[in-house]
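Each in structure tokens, the structures are laid out below.
Okay, so chain A shows up in both of these, paired with chain B first and chain C after.
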Partner chain A sequence: MTALGELRALGTGQRRHAIDSDTRDNRAAAGFLAPWLIGLLLITIGPMIASLYLAFTDYNLLENPRFIGTDNITQMLSDERLASSLGVTFTYVLVSLPIQLAVALALAVVLDRGLRGLAFYRSALYLPSLLGSSVAIAVLWRLVFGKEGLFNAFLGIFGIEGPSWVASPDTALGTIMALNVWTFGAPMVIFLAGLRQIPRQYYEASATDGAGKWRQFRSITLPLLSPIIFFNLVLGVIGSFQSFTQAFIVSGGTGGPADSTLFFSLYLYQEAFASFRMGYASALAWLLLLIIGASTAIMFWTSKWWVFYNE
Partner chain B sequence: MNRRMYAGSAALAAAALIGCGVSPSDSGDIELSDEPVTITLNWWGADSRTQRTLEAIELFESEHPDITVEAQHSDWSGYWDRLATTTASGDAPDVSQFDQLYLASYANRGSLLDLDTLSEFLDTSALPDGLRGSGEVDGTLYAVPVGGTPNGVLINKSIFDEYGVEVPDLDTWTWEDFDTAAQRISEASDGEVRGVGPFGGDSFTLTVWARQHGEELFDETGDVVIDPSVVASYWQKALDWIDSGAGLSAEQLSEETGVPLEQGSMATGGIAMGFSPGAMYTVHAAAMPDSELLIADWPTDSATDEGFQYLKPTMYWAVSSGTEHPAEAGALIDFLINDERVARIFGTDRGVPGNPAAQEAIADDLSPADRTTLDFTASITERIGDAPAITPNGASDIETIQSRYFERVLFGELTPEEGAKQFLDEIQSGIDAAR
Partner chain C sequence: MSDLFQKAPEATETIVPPAERLGGRRLHVRRGVHRAQVLRHIALMVVTFVMLYPLLWMVASSVRPNSEIFQHAGIFVDTFDFSHYPEGWNALSHPFSTYLVNSAIVVLGTIIGNLVACSMAAYAFARLRFKYRKAAFAIMLITIMLPFHVLIIPQYVLYSQLGWVNTFLPLIVPKLLATDAFFIFLMVQFIRGLPQELDDAARIDGAGHIRIFGQVILPLMIPALATTAIFTFIWTWNDFFSQLIFLTDPSLYTVPVALRQFIDAQSESDFGAMFAMSVVSLVPLFLIFLFGQRFLLRGIATTGGK
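Then we have the complex of A and B:
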């Protein structure tokens, strides 16, 4: 029952009955929500509040936290490794995410043509998304892009002797980006579902008017798919900023070679558990939350110019 | 996708919520309980160590029917994360295997029990004084060293033979002999095999290098005292090997970071010589059964200080200050270090045991590889110098920092001198911050 309906009910004989049924509904709702709410409070909100407090302390895990005001924030300003980890993370998000989404969209459009055996291709292409963030694949990646790895064996066919891609500071981040692009399956499946929602008549009508495939893609597919693109973009940005496993495994937990794969979350982890600076790490965690929040807000703000809701 | 972040922040915060749990228990009136108790024993290591340790636990339980020992084990990298979080939540294992990197960090923060309060149950008198002292922080015994190992050079003689290069006289070799031999291997094999492997990223070789030049990393008060030029010369050595072709390339070196020993360049026959803790000889020998593997003391120069070698404690046993059963914990450690049957079960898996009685107990039925390790350690022990100060509180991440700066030097981002200076500054500021 809407708020307006409730106001109306107040003035009529339905009042008592309405409140009774509302209370019952509310109780049932609370009952069904409880498992989620308790989880949210205990596992998310509570710890977040605690970490907000820790962000203003010097805490080494073994002794009680000591309140130090804004010292952690001051320290961030002159922290060179923080700056370099932000550089790495932003490069990763800005380069690998657009490529991943472009690949996902391109394949979704191809698959949407109604290929024979679509179900098979869809599953096969989705597979990397299931595996991509696993430890096993990250370990495999190290082997594929190592000096003696599969990738160099492939280059060897053309007589090219490749370097060790994971071990050079110039290319290590690239291999992790490639791993991320490779997990294009998840956004692809969402794009496919979105493409199915676009009425076929639009294509038929435009074809009659003489529009080519590219023109159709630009003027029909893209605008009608823009809410889906937006959705994938927001999810992708949030996920990529927090990326941890791949960098951790590929670099053996160091962020190396020479900090070239020191992702923000990896740096946060090192500060917390290798250097016992949990207070500073908590402050970093909040910085990450602010960055992700701001990025998301900016995307929502820009969406009114490019996301087209067909209403 | 969000789950990872939740898990991260949850871990941070769970640690925070319950973070105030560390309180040293009263040390008066420690006695064995009349009731059955359960204590936890926590260690890192490979499968073979797990099997051996479980066997020792079974033996202990059969002699102490009232004590149940619960085993916890993991690999090295996850071990310290978990110990930190369980300690923060007041749920630390009663007895934990320890490394000297972390000993002072935990002891100075009140997380470990003063073991002299357990002297009734835990007898450490069999350990040589020099070794026992390596478990002390500021004069208090917080951990019992299990054994010690010197650093040595592993030599794959089969590779030397294959390429017709003569192995230098290992008793008298100089750094020049070493460099020449390494370069010959690389040349004779056309770069297929390199003369020498990783050197520059671990604090053990850095310490031995420093001691060869009359320096120490830290002093007794826990400050960095090494001259940056010595660290620079140590890294310059690695760069020289790369330039001359004697050593693995920068990329090959960086590729080895975090790779298990069995897959490292030594074990896979990619290098002819490699620096290694003596205790790792057995693991290598097992990983390369078709090669003849030698181990020797470091090369020296005429200017090299005597007594540069020392026995680095391979690991320790320590008791959490939050334990509810200190007496039982003490009895367990006593059993692990003093019982000869345990010594035979462990062999040299945790390094050559520091307890002479245990060394004797295992001497008879040693495998050839264990025999070599034992002999090497014994021969070095005759000419070791004073033990260096242990890694101070606030510097337990020295190896991560060291390998980070070493990589920057390797890839030419910093000169060895710049790298050395920044590396030592960062260590010192970590120590200052922990005070």
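Then we have the complex of A and C:
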């Protein structure tokens, strides 16, 4: 079961058989959990509370935080760079993630069911996922989509002279989305594992009833794979909202040209660690948490209608 | 298209009766399956080739003379020029080996931290009955999904007050405190799959929890530990944000932070050196990929890590 499944199970009261009344292991548990508990308090919960407080302050790291009430929130409402960073990030999530997952699913379906050489294709297609979040690949991307990069050299074969794709506000975000789609290998591997769980008899029975491949995909594969799709979607949304490295490297840390690659995380970084406006950046961080939390909640809520749990 | 596509080739093989009993139709279907398989392979080869092409181009560009890099979209090199490697190695304020060693130290520290702290916590969650176990477990699961942004600023303040900025401590110490809860979860899943009878037998022999953990569970969970070590390696090697903010002294730069300098410091004229050092920085990942993919792929399939 995935982490999401576990949380769902805890929420719906399954796994009741775990007896919590039996407390004979309390001392041993305290020992084994000590590092985790210290970390949870000092490095997670403590900073979270501090961050919530800082969100209502003006703080530049040198002087003490000054409480300013809801000024940061008021400022956010009229912050144009924040608005464009939200636009960029939402576009990125809403456009590149569905494409990435669709490509991953399509290739997983093609690779499924005993294709010879499956292991080779799976590994080769997974490789970009493994390298994709590195600075080196972001550097490569900048050069591939530069004025004289690989992409334009390719277009040159057809006599097209392309612009610098990373230097134009209209296309810079597109190159980063392409990078995200390029890393479809990880969700593909998850899809493949899910496809393997679908009993082959379902396909055989439906074939006997005269169902074609497309019908089988729609009526068997999609519903039975829906928990995995949901899982990939939730992970993808949570991860994509936090994207940083690629935008930072492709834009040289600016989020440019014309803020067209100013991802939310990049804006937050600039505010916190370039302008040292730690209070405002904390408010931004909480806004991000709320956005991710709300998105996840909406996905869980809609999952009632399209995710089928075989329980 | 035939529905036989759904079947594995092995299955088709056993279904098809000996040749003399074959009707023409059967043979035809089988040939059709074969052709579809070939087409599928060709399509997959093309997709794979296109996907890997940028990587091949990067490697090819790293051994081309600067003047030729951007004239070629091809991946075959006419004139080899390996000078970018020594050039790039020495292009920044410190030799590239410094950055590789720094990254290696951080990676090693984080791996040890994750292995020790997460396995301990995982044992408690998977095998011990204690008060608030459910609540603690739920909190642990939620922290996996928590965006680091809401923590990073106070953490930065904390570490700078401790004098830890420009040391590797902010990158390593949290791992010793099991803050990568993802791995706790991965290990809990694994330990749950181990038969409880093993613990019971050891307990009857008089073993306490420390011995059960150390001598029964740990040796059995080596696959989960390997997966953890490999994922930790990849994530830490690629991690940019925290290394960027905590390491500002060039002698402490890790590989990602150093590579970044190629972009803003230089006028981007020496592309060859940039390509060469990018390739160097990816070699460890590639080796991990070659030798650890069994654990990697299984780890992704069961837990959804990248």
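Remarks
To be clear about the criterion, the second predicted complex is superposed on the first by the 286 of 311 C-alpha atoms of A that agree within 3 Å, B and C clash if a C-alpha of one lies under 4 Å from a C-alpha of the other, contacts with A are read in each partner's own complex, and residues count from 1 in each chain.
Note that in this section a contact is a pair of C-beta atoms (placed from the backbone, for glycine too) under 8 Å apart; a residue touches a chain by one contact, two chains touch by 3 or more.
Values in this document were obtained by computation on a predicted structure and should not be read as measured data.
Of the two partner chains, neither chain B nor chain C is touched by A:Pro199.
Looking at the shared chain after the overlay, A:Pro98 reaches neither chain B nor chain C.
Touching more residues of chain A than its counterpart among chain B and chain C is C.
Contacts of A:Thr44 after superposition: both chain B and chain C are touched. When both complexes are overlaid on chain A, the residue A:Glu63 reaches chain B alone and has no touch with chain C. When both complexes are overlaid on chain A, the residue A:Thr245 reaches chain B and chain C alike. In the superposition on chain A, A:Asp259 makes contact with chain B only, while chain C stays out of contact range. In the superposition on chain A, A:Asn232 makes contact with chain C only, while chain B stays out of contact range.
Of the residues of chain A, those at positions 43-44, 46-48, 50-51, 54, 61, 133, 235, 238-239, 242, 244-245, 252-253, 265, 268-269, 272-273, 278, 281-282, 285 touch chain B in one of the two structures and chain C in the other.
Put simply, chain C touches chain A in their complex at residues 1, 3, 5-11, 37, 40-41, 43-44, 47-48, 51-55, 57-58, 61, 70-73, 116-118, 120-121, 123-124, 128-134, 136-158, 160, 174, 176-179, 181-182, 184-185, 189, 208-209, 213, 234, 237-238, 240-241, 245, 255-256, 259-260, 262-264, 271, 274-275, 277-279, 281-282, 285-286, 288-289, 293, 296-297, 300-306. Note for the complex: chain B touches chain A at residues 1-2, 4-6, 8-10, 12-17, 19-20, 22, 77, 80-81, 84-85, 87-88, 105-106, 109-111, 251-255, 257-259, 396-397, 400, 403-404, 407-408, 410-411, 413, 430, 433-434. Residues 43-44, 46-51, 53-54, 59-65, 133, 146-147, 163-164, 166-169, 235, 238-239, 242, 244-245, 251-259, 265, 268-270, 272-278, 281-282, 285 of chain A touch chain B in their complex.
Every residue of chain A that touches chain C in the complex is listed here, in rising order: 1-3, 6-7, 10, 18-20, 22-26, 28-36, 38-40, 42-44, 46-48, 50-52, 54, 61, 107, 110-111, 113-117, 121-131, 133-137, 139-144, 148-150, 153-154, 156-157, 182-183, 186, 189-190, 192-193, 200, 203-204, 207, 212-213, 216, 231-232, 235, 238-239, 241-242, 244-245, 248-249, 252-253, 265, 268-269, 272-273, 278, 281-282, 284-286, 288-289, 292, 296.
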